[in-house]
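Two complexes, one shared chain (chain A), two partners (chain B, chain C).
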Partner chain A sequence: MYPRWLWPLSALPGVVWLLILFLLPFYAVVAVAFGSVDPILLTAVPAWNPLNWNAGWVTHVLHLLVPGNIYWDVFVRTCEYVVLSLAGCVLIGYPVAYYIARHASRTKSLMLILLVLPFWISYLMRMLAWINLLSPGGYGLQFLSATGISSALYHLGLISDPNNYLGGQSFTVILALIYGYIPYFILPLYASLDRIDRSHLEAARDLGASPFRAFWHVTLPLSKTGLLGGAVLITLPMFGDYYTPNIVSGAPSTSMIGNQIDLYFHGGPQPTIGAAITILLSAFLMILMGYYMWTIHRASREVRA
Partner chain B sequence: MHPKERRLDGTRRDFLLRSGGAALSLSSISGILAACSNSTTAGTAGTGAGGWPLGPGGIPLARPTHPVKMKRWEAPIASGMKPETGGTFTIFNYPAYIDPAVIKEFGKKYDVTVKVTPFDDITTGVTKLASGTVSPDVTEMTPDLLSRVVAGKLVKPLNLDYIPNLKNVWSGFQSPYYDVESRYGVPYTVYSTGIAYRTDQVKEDIPNLKPNGWDMFWHAQAYKGKTALLSEVRETIAMALLHRGITDLNTEDAKLVNRAVKDLQELYNICNIKVGDLQYETVPENKAWLNQAWSGDMMAAYFYYLPTKATGKLLRFWNPGYGKGPIGNDMWCVCSTTKKPVLAHLFLNYMLDNGVGYKNFVDFNGYQPPLNEIEPDTLVSKGVIPDNLASCVLTEQDFGPKALQEMTLTTAGQSLWQDGYATFQSGA
Partner chain C sequence: MSQAVASRPAGESEFGYVRRLRGWLGNPWGKPRFLILVAWGYIVWSIAPVVVAVQFSFNDSRSLSVWHGFTTKWYTSTDPSIDSVLHSAELRGALSQSMKLAGLDVLIATPIGLFLALGLARWRGRGSGASNFLMLFPLVTPEIVMGVSLLLLFSHLLTFVPFGTVAQVLGHVTFSISYVVVILRGRLFSIGRSYEEAAADLGAAPATALYRVLLPLLLPAIVASAAIVFAISIDDFVISQWLSSGANSTTVPIEIYAATRATPQPSTDGIATVIMVITLLSVVAGVLVYRFFTRGESGRGSAVDDVAGFGI
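Then we have the complex of A and B:
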C-alpha cells in the first residue's frame, strides 16, 4: 500500500511549475493592467495589491473594444482569421489524422514521424522560409502561377494580386496560420481517433449503417473531444499571434489583436494598455476554454455512466 | 523601431529572440516582468520658465531653439585615472550595429573581453536598463530619450578630459542643443529619413513632386503591396505631417496628429500600405519598390544586400533636404552600472577616432559618423558611395538650426502619438 499523500505529492512539481510559470506571471499582467506607469522611465508599475488597483486602463480598453472604435475592427478581423484558419485546419487535418489512425497500418510510424517533423524546426523559421518561396522569383510563387492556382484564387476573389502573395493579403495570413498551427491540431485529433474502439464501427456496419453514416454517427461524435482539444490548442495561441501577419503580410489591413498588444508592450508610455488588452482577450478565450472543459466533463461523465 | 534594426542578421535574430520570448502574446510575461520596475521619484512636470514644457524629471524639452544643459546628477569621474583592465566590458547596442573587428581591437588594446548585449530597440533597451536586468558599461542612446535616462540616473555624467576625440565631430555635435556641453553623451551616427525606391519600377520623379515628395505615397496606386512605411511611431506620423506641410515634428496638437493618422489610413485603400524595417533588404531584392527609409538603409543595401551589381544603379534615396525632412543621430553614453568607468569613457573616445569611425562606417555599419574628416564629396568621388545614392550622405549643414528632429515629447504627447499609430496599425 502506498501512503495517501504519495500521489498528491507527485503532482507537486507540476503545481509549483504552474504557479511559478503561469499563475504568477499572469497575475503580473493583471497587476500591470491595473497599475500605473513610472513617470520618468515609462516602465510599468504593477499594482500588486488589489486594493490599489486602478481600473481606468481596463475600462478604457473596453470602451475601445465596442463597435465603431479601433479595437473592434481589429478584434473582428482576428476572429475571422482564427475561425477561417480553424476551418482550414479541420478540413485538411481531419482526413490526415483519420487516415493515420485508421488506414496507415504499415506506414503509421513513418506518418507520425512526418507529423512531428515540423516541430524540429522553429515556427518562425518555417514562416520565414515562406518569404523566400513566395517572393518574386521564388519557387512557391512560380509553382502557384504555373499550375494556375494563383489565377484561380484571383478569379475567386481570394487574392487581389496573383503575383504578390506577400503584399498584405488576408488569404496569405490565413494560409500561414493554417500551415503554422496544423501539426498541433492533428496530433491530439489523431490520438483521439486512434483510441476509438473499432468494435463500435463494426457494430454500426453490422446494423446496416453505410460507411458515411457510421462515420457521422460513431467516429465523428467519438472524436469530438480530440477535435475540440486540437481546436483549443491552436485557437488560443492564434488569438495572440502577431508575428505571422508581421512576417507574411506586414500590412495594417491584416493586423491582428496581438499586434496591438505587441505595440503597447514594445515601448512607449502605455504598457498598461497592452496588459489590459491581454486580460480582456484572456477573458474572452476563457469562454471558449469553458466550453471545452464542459464538453470534456460531460464526455467523461458519459463514459463513467 | 530605429535605423539600427535595418541589418538582416540583426533584425531577424532580434525578431527571433523577441518572438521566441513572447511567442504567444498571452504568455509573453517575461517582457512584462522586465518592464516592471520601481517607481522613481520625480515625474513629468508641466511647464518651466517662460511656460516652456518640461519633460522627464522636470528637464525642459530640448529643441534647437531651446537648448538644454542638464544638471550632472553626480560628479563625473576624476581626470587622469588609468583604465580598468581584465574582465568583460559590455556594450549595450542594437544587434550588428558595430563592427566586430572594431570592438575586438578595442578589447585587445585595453586587455578586456568585449561583449555586445543586444536590445530590440532603444525604448525596450531603456526599459531593460531601468529594470536592472542588464548592467552594461556603455549604451547606445538617442537624443529623444537622453533626458529620460538622465532623469532616471541610468547614465553617468561624462568627464570630457577622457574624450579628446570629441573635437573630431561636427561642431554642432560638440555641444548639441539636447545636451549642451556634451555632459552625458557623444555622437555615434547620423541619418535622415526619406524615401527609398527603384527606378525600374517607380516612374514618378519623386524629388520634384508637388507639394513634396512625401505625396508619392498618396499616389502609389500602381505600387499596391509594394509600398511600405517604417514601423515606427514617430517616423510614420511625422511623414504624414510633412505630407501636409507641417514641419513641427514634435507637435502635441491632437488635431494635427489625428489628421495625420487619418491621412495614413487612406493609404490602406490607395496602396495597401505595409509597415516594416527591412527596407535595406526588400528594396534591393525587388520585394518593395517604394519605401520610407533611413539614409543609412540604402548605403547598407548597396554595401551588403545587392542581388546583382546592376541593382545598385537602380536604387535611389529621396532625401527631402535641410529643414524639409527628419534627421536624427545616435549617441554613446556611459551606463551607471559600469564597473569600468574610465574604460567606458575611453570607449567613447575610441569610437570618435577618425580611423575607427570610418572603418566602422564603410566596413560594416553603413551609417555615417559625424566626423569632420569624412568628407561627403570624397565618399562619392572615391566610389565608396555611388552617384545615384549620393543623397544618402549627410553634411553638417543638414543638422543646422532649422533641421527637423523628432525629439522628446511630454508623456501625454507620447501617448497621443502612440495611440495614433495604434489606430493606423489596427487597419481600422
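Then we have the complex of A and C:
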C-alpha cells in the first residue's frame, strides 16, 4: 500500500547521520593512529590515504603491551578489575534478579521501581555519593570500622590503610565499578528470568528433580541469554572507563586502559599514541561487541517472527 | 534449672544460635528468606549512598562527611564566599548547559530515530541489513572510543564544527538515535500492519493511514523514548567532556567530576540533587503520559517491560 521508495527514504537521514558522525570518526582515529607527528608542534598529522599509513606508532604501543612493559601492567590490571567486578555483579545480581522475578509477588512493582531508580540518577552523582561515605568521618567509613570489616579487609591485605579508602585502593575501585554498573546487569537478567515459563520448573520437580537440580538444569540454562547479555553490556563500558578510578582513587597505581587514553588526550601532548591505544582497545573489544549485536539481532528476528 | 543453663558452655549456645539462624534462612518450606535478605539488602545498598549525598547538600559546614546541622545555604545563599547552586555563575552555567543539551538532543534525536525505526522495520532490500548493523553499533561502543573518534573528527576533518555546544549536541544525538530506534522498533513489531491495512481497505490514503492510524499507536513509545533520551543526555559525562570547549560548555556531570578531583563541597551534592530531581520528574511525567496513552491495553506491556525487554 505504500510506495516502495518510502521506507528507504525514511531511514535515510538517520543512516547518513550515523555514517558521518559514527563511522567516519572511526576512520579519523585510524588515520591519526597510522599518521605521523609534527616534529616541532608535536601535533598529530593524520594520514587519510591508506597508502601513506605509517604503522610506527601502533607498533610502538604494541611493544609496550608485552609482558614487562608499562602497558602490559595496565592491561592486566584493567582485566583484573573488570573480571572481579563482573564476578561481584553476578554474585550479587543473580539472587536479586531471581528473587524479584520468581518470588516477589506483592512487592514486585515496588522492587522493580527501586531497581530501575539508579538508571535515572547520574552515574557521576552515584560516584560522588561514595566520596561522601568514605571521606574522613563519613557514615560508610564509620560503618566499616564499627562492624570490623575495615580491619578484616586490612588483615586480608585487600586494603593498605583501614582509614583511607579514597587514595589508590584497588578494592575501592572494584567496589565502585560494581556499584556503578550492576543496575545495567540486573535488568536484562531480570527480563530473561521473568520470561521463564514456570511449567518447565514444575515439570522438572514433578519428575523428581531436587530444587537445586531444577535450578541447575532448567532455570540457569534458560537465563543464559540474559546473563551473558547483561555481562557483555557492562563489560564493554568498564573496559573504557577512566572516570571511576579517577574519582575514587586518582592514583597511578589504579590506572586502567581508559586512563591512559584520557592522559594522552587531556594531559599529554601525544594524541597519536592515544589514538593507537584506542584502535587496539576497539580491536580487543570487537569480539564482545560482535557477540552482543548477534544476540540483539537474533532477538529482534524472533520478535518479528 | 537455672544452674543447668548457666553451666552450659558458652560455645554450645552460640552454636545453637547459628543452627537456628541457618534453619531460619534455609527452611525449604518457608519463604526464601536468604533471597529476601539479599534482594532488599541490594536495594538499600544501591540507594542509601545517594540519600546520604542528598542529605549532605543540606550540611551546615563545608564537610561532605560529618553532619553539622541543616541549612539550605548551599542552594540559595547570595554570600559570594559560598558557591550556591542558585547564585554561583559556574553551577548555574553547568545546569543550563545540561538542560540545553538534553532538550536539543530530544528535539533532534527523537524525529530522526522515529523515521529510522520506521525505515529499518519495513525496508527490505539492498543496504537494509547493513543499516541495521550500523544502527546497533553505537549501543555497544564504549563511550571513550566514541569520544576520541568524534574529537579527532572535529579537530582534523570537520574542522568547521566548533567544540562546545554544537559538537556536544552532535555527539549526544549520535548515541541517542539507537536507543530511540530500539524502543520504537519493538513497539512497531507488536503493533503489526493490520491496523494500517484495515485503514487502507476502508479507503484511507497512505499518508492518512500513517498519520491517523500508525502515529497515534506509536505515540506512547515516542514519549517513552523522548524521556529516555532526555535522561541519558543529562547523565552523559564522557561525550560532553571530550567535546567541550572549556568553562562555557561545562555540564553538571563535568562539574561533579572536576569537583571530586579537587575539593567537592556540599554545593556539589546540591547540583547533583537538583539534576536528579529534574530527571526523576521528567521520567515520572513520561511514565504518566505513557500510562495515559496505553490505558485499556490488555497484557503486561508496562513501560518497564518495554525498556527492560531490550536490555537498556
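Just so we're on the same page, the second predicted complex is superposed on the first by the 254 of 305 C-alpha atoms of A that agree within 3 Å, B and C clash if a C-alpha of one lies under 4 Å from a C-alpha of the other, contacts with A are read in each partner's own complex, and residues count from 1 in each chain.
Throughout what follows, a contact is a pair of C-beta atoms (placed from the backbone, for glycine too) under 8 Å apart; a residue touches a chain by one contact, two chains touch by 3 or more.
Note that the coordinates shown come from a computational prediction; the quantities given were computed from them, not determined experimentally.
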| item | value |
| --- | --- |
| First, second, both or neither for A:L86, with chain B first and chain C second | neither |
| Partner chain in contact with A:I182 - chain B first, chain C second, else both or neither | second |
| Which superposed partner A:L281 touches (first chain B, second chain C, both, neither) | both |
| Contacts of A:I261 with chain B and chain C, given as first, second, both or neither | both |
| Partner chain in contact with A:L193 - chain B first, chain C second, else both or neither | neither |
| Touching partner for A:N164 - first (chain B), second (chain C), both, neither | first |
| Partner chain(s) touched by A:G14 [first = chain B, second = chain C, both, neither] | second |
| Chain A residues touched - chain C or chain B, whichever exceeds | C |
| Which superposed partner A:S135 touches (first chain B, second chain C, both, neither) | both |
| Which superposed partner A:H103 touches (first chain B, second chain C, both, neither) | second |
| Residues of chain A at both interfaces, chain B in one complex, chain C in the other | 22, 25-26, 28-29, 31-32, 44, 46, 122-125, 128, 135-136, 236-237, 239-243, 246, 250, 258, 261-262, 265, 271, 275, 278, 281-282, 285 |
| Complex contacts: residues of chain B adjacent to chain A | 12, 15-16, 19-20, 22-33, 35-40, 42-44, 56-57, 120-121, 123-124, 126-127, 130-131, 148-149, 151-152, 154, 224-226, 228, 233, 268, 272-276, 285-287, 411, 414-415, 418-419, 421-428 |
| Chain A-touching residues of chain C, taken from the complex the two chains share | 28, 31-32, 34-36, 38-39, 42-43, 45-47, 49-50, 52-53, 56, 63-66, 112-113, 115-116, 118-120, 122-123, 125, 127-128, 131-146, 148-153, 156-157, 170-171, 173-174, 177, 181-182, 185-186, 189-190, 196-197, 200, 206, 209, 231, 234-235, 237-238, 242, 252-253, 256-257, 259-261, 264, 268-269, 272-273, 275-276, 279-280, 283, 304-305, 307-312 |
| Chain B-facing residues of chain A, complex | 22, 25-26, 28-29, 31-32, 36-46, 70-74, 77, 122-125, 128, 135-136, 160-161, 164, 166-169, 236-237, 239-243, 246, 249-255, 258-271, 275, 278, 281-282, 285 |
| Residue ranges of chain A touching chain C (in the complex, touch as defined) | 1-3, 6-15, 17-19, 21-26, 28-29, 31-32, 44, 46, 92-93, 95-96, 98-100, 103-104, 111-141, 179, 182-183, 187-188, 190-191, 211, 226, 229-230, 232-233, 236-237, 239-243, 246-247, 250, 258, 261-262, 265, 271, 274-275, 278, 281-282, 285, 288-289, 292-293, 296-297, 299-300, 303-304 |
